[in-house]
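First chain A sits with chain B, and in the next complex the same chain sits with chain C.
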Partner chain A sequence: MSYYDIDAILTDAEKVPCKFELDVPELGYLDNNPAQPLKSGTTIGLPLWLAELLALANRVPSTADEDAKSFVSLNLPPALSNEVMSALKADPRAVPLRDQSHNFYGLGTRMLDLFEEKEICAVLRRTFVTRAADIALHAGKAGATDDMGVGAGEEFLRGLEEWERKLFKKAHDGAKGTKEWMEGVKKH
Partner chain B sequence: MHGDLGNKLVQQAKRTQNLAHLPPYQTELVRAVTREVRDLDKDVAALLEPFQGSFHPTDDQAVACTLLVNHLSMRRNKRCLLAYHHTRTDKLEKLVWKGYDVVDLAGQQVGDGSVNAGGASNVANGDGSMNNLSPQEEDYVRQYSDLLAAYKGQWTDIDLTGSLEPPRDLFIDVRVLKDAGEIQTEYGQFYVRQGDVERLIAQGYLQKLS
Partner chain C sequence: MALPLPSGLVPAEVAFLCEMEMITIVPRQRLESIPMLSGNTPALRPPRRADLPLWLALLLKKQRRANIVPPPWLLPASLQEIIHIETNVDPQAFSPPPPPPMRSDGRGIARPYAVTTTTTTSSGRGGGGYGNANGRDEDPNTKELILAPPFLPSCTQDAPSGYLPYHWLEIAETLLAHAADDIPNAPEVRALLRDLQEVRAAKMRGSTQHLEGGGGVLNLRGVGAMELAESRGFVLGVVDGVRKLGASIEASRREEELERGDDGGDESDDDMEL
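Here is the complex of A and B:
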């Protein structure tokens, strides 16, 4: 992941729910309410680039018996909620991941860096592997017929998120390249 | 909220990656994002002002939190700006390596104003991407071209930007798309050696007839 990686920057813009642990008078605008102070306990969706460091920055306890806390506490975004995980467990192919998040796996890996969630990790891995096989199948078909496989599996392809789209494009170009090369061989 | 404009810029960059040509430079958006950074910086200065340089994060956590949010927003905007420009210069470098005479094409279009109606699509592309550059980008392309020319000059017997496709025939038919003045080749006018005119084809003066 590079500093200039456009997809990484877009993944960084994915929002995660954050609960503020203190009153901040100046930050009302984050909750679309610039005139009011931001109250402790308010939960708002903040982009990862803001949320991650706010959650990691340690502040010193104000009284001796208080634990060291951060400014906000993070929660898992809706895209990684129990409902989505159950749906993925039932059938990874039936869930349009794009509707959950355009950078679904990107968001997943970022969140799993922060949360110890073995089960989500396992579900995501199984989802990726299962779907990758299907993507390769569709891409191979599309590459061999010269169109982008419009019609067949359209619904499934529409639901691909960014990583999967890239995978599809690579597989498609590969199949197409092979086909062209084979035709060239026959001519000579 | 802060960073939304920067996000728009990155979405533009994302679109640029998938396009063959270079879309117009987002002067307004870039200006708006830099203005946001400047405003945030002013906010930070105003927040710190009452402390007279002796601010301790532990004493006033609300202020510390606001400062952190402002700082992160500035940093985010910086990354968006840099990534946007980086994506564009990447594309420009590729165009220069492909041999499009990006700067020349723009000068001509402004100069005579009449683009040949029968121009092939890659000609239109060359012209289109040019007018979309910011003055700084034009300068960048010019200097990068000079660098590339100097680099290529070290080898006289090999053309680094030449086509990697082995030619089927030594000679090809071409159609003249734009008046290029008097050009002398070794063998004749329209049935020419491919190696002689490769650059003219890339620049859009000639079209190769198969």
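Here is the complex of A and C:
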């Protein structure tokens, strides 16, 4: 992952629900309540880069008997919620992942770094591999008929998130190269 | 992303490399030996067959100065047998590549392929290491045998039938395009090739299925160069994605292993590269 990787930057901007562990003055507007300080216990979606820092950093305990606590506590984003996971378990192909998040797997790996969720990891893995076979099929078809993203291919592409689109492009490039050569070989 | 070039060879490059495969021709005109960088081509005397690199064979074919002898595996019977192996005998794996070139010399002794078959001066653009003017008379022990695909006579008339060589798709397509009149029953061959290509493409797509349970990619033994060039990006993409998804679990597993103190972590699947 490079520093300028646009997908990594976009993944960083995905919102993650965070529960504030302390009162913050002047931040009430985040909760649509500008007159009041932000109460502890409020859940607000913060971008991943900020949420990660706030969740991992420890603040100095205010009193001696208090443990060091973080500013916010993280929760799993809705894209990785139980409903989505059970839908994916039932049939990985039927879920339009792009509706969940444009960088679904990117977000998934970032969250797996923070949470130890063996089950989510297994589900994501199975989803990715199962859908990859479908992607290869569609990419091959698109490569063999016309340019990608026309007709039925467009409908299929709409459900793919970024990793899958890259995969589609790679598979499509391969099929296209072979097809071009096959047509070229007859000419000379 | 420093270079926009994909990793590995693209189909056009594979097709170019395939042109140095040796192929058997029947010359129609005399042609003296041509000195090439990689060695001399055999002198062509009309009724005698000779092995030439594909590019030269195609050139002579287009000038109507030679006919091409299709390799035995390109005949309909052989292709049918291969399709049978692919679909019925072993529907999971690809059909095996040609066996190492050994053949019996009539006295029950197996000898290396190149020694018994290089009767003519066969050496072309890529055959410098394997072609030898007096291959038959030479002591087989002193002769260097190179078993890598470009130097294997996998597409000459001596190639074994029933096995697809590394460059099968390119050779078959090129011959069908330029020398269809030399191939017996060309329309049937064309149809069989389409079937074979479809069967194998479906296997290639399914080759990553086993990654979900932690198994590896399907064994790619016997896959041709063009198929590799076509699917390399896809397979590498899937493997890379699975690696990224499993990275955190893998890291915690390693930590546990380190804590337990058993250093069974020899298998370094970090630097997995196809």
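The definition used in the following text is that the second predicted complex is superposed on the first by the 178 of 188 C-alpha atoms of A that agree within 3 Å, B and C clash if a C-alpha of one lies under 4 Å from a C-alpha of the other, contacts with A are read in each partner's own complex, and residues count from 1 in each chain.
FYI, a contact is a pair of C-beta atoms (placed from the backbone, for glycine too) under 8 Å apart; a residue touches a chain by one contact, two chains touch by 3 or more.
In this text the structure is predicted, and so the values were computed from the model without any measurement.
Asks: Looking at chain A, does chain C or chain B touch more of its residues?
Replies: After superposing on chain A, more of chain A is contacted by C.
Asks: Could you tell me if A:Leu124 is touching chain B, chain C, both of them or neither one (first, second, both, neither)?
Replies: In the superposition, A:Leu124 touches chain C alone.
Asks: With the two complexes superposed on chain A, say which partner A:Leu10 touches: chain B (first), chain C (second), both, or neither.
Replies: A:Leu10 sits against chain B, while chain C stays out of touch.
Asks: Between chain B and chain C, whom does A:Ala175 touch in the aligned arrangement: first, second, both, or neither?
Replies: Second partner only, chain C.
Asks: For A:Leu167, using the defined touch cut-off, is the partner it touches chain B, chain C, both, or neither? Pick first, second, both or neither.
Replies: A:Leu167 sits against chain C, while chain B stays out of touch.
Asks: Given the touch rule stated above, what does A:Phe104 touch, chain B (first), chain C (second), both, or neither?
Replies: neither
Asks: Would you sort A:Tyr29 into first (chain B), second (chain C), both or neither based on which partner it touches?
Replies: Only chain B; A:Tyr29 stays clear of chain C.
Asks: Counting only touches as set out at the top, which of chain B and chain C does A:Glu116 meet: first, second, both, neither?
Replies: second
Asks: I'd like to check the shared interface: which positions of chain A are touched by both chain B and chain C across the two complexes?
Replies: Dual-contact residues (chain A): none.
Asks: How about chain B: which of its residues touch chain A in the complex?
Replies: The contact residues of chain B facing chain A are 1, 3, 7, 10-11, 13-14, 17, 47, 57-58, 61-66, 68-69, 72-73, 75-76, 79-80, 82-83, 86-87.
Asks: Per the contact definition, I'd like the list of chain A residues that touch chain B in the complex.
Replies: Per the stated touch rule, the residues are 3-7, 9-10, 12-13, 22-27, 29-30, 47, 49-50, 53-54, 57, 59-60, 62, 71.
Asks: Across the complex, what residues on chain A touch chain C?
Replies: Residues 2, 105, 108-109, 112-113, 116, 118, 121, 124-126, 128-130, 132-133, 135-137, 139-140, 163, 166-167, 170-171, 173-175, 177-178, 180-182, 185-186 of chain A touch chain C in their complex.
Asks: What residues of chain C sit close enough to touch chain A in their complex?
Replies: By the definition above, chain C touches chain A via 1, 6, 10-12, 15, 173-174, 177, 201, 204-206, 208-209, 211-212, 226, 229-234, 236-238, 241-242, 244-249, 252.
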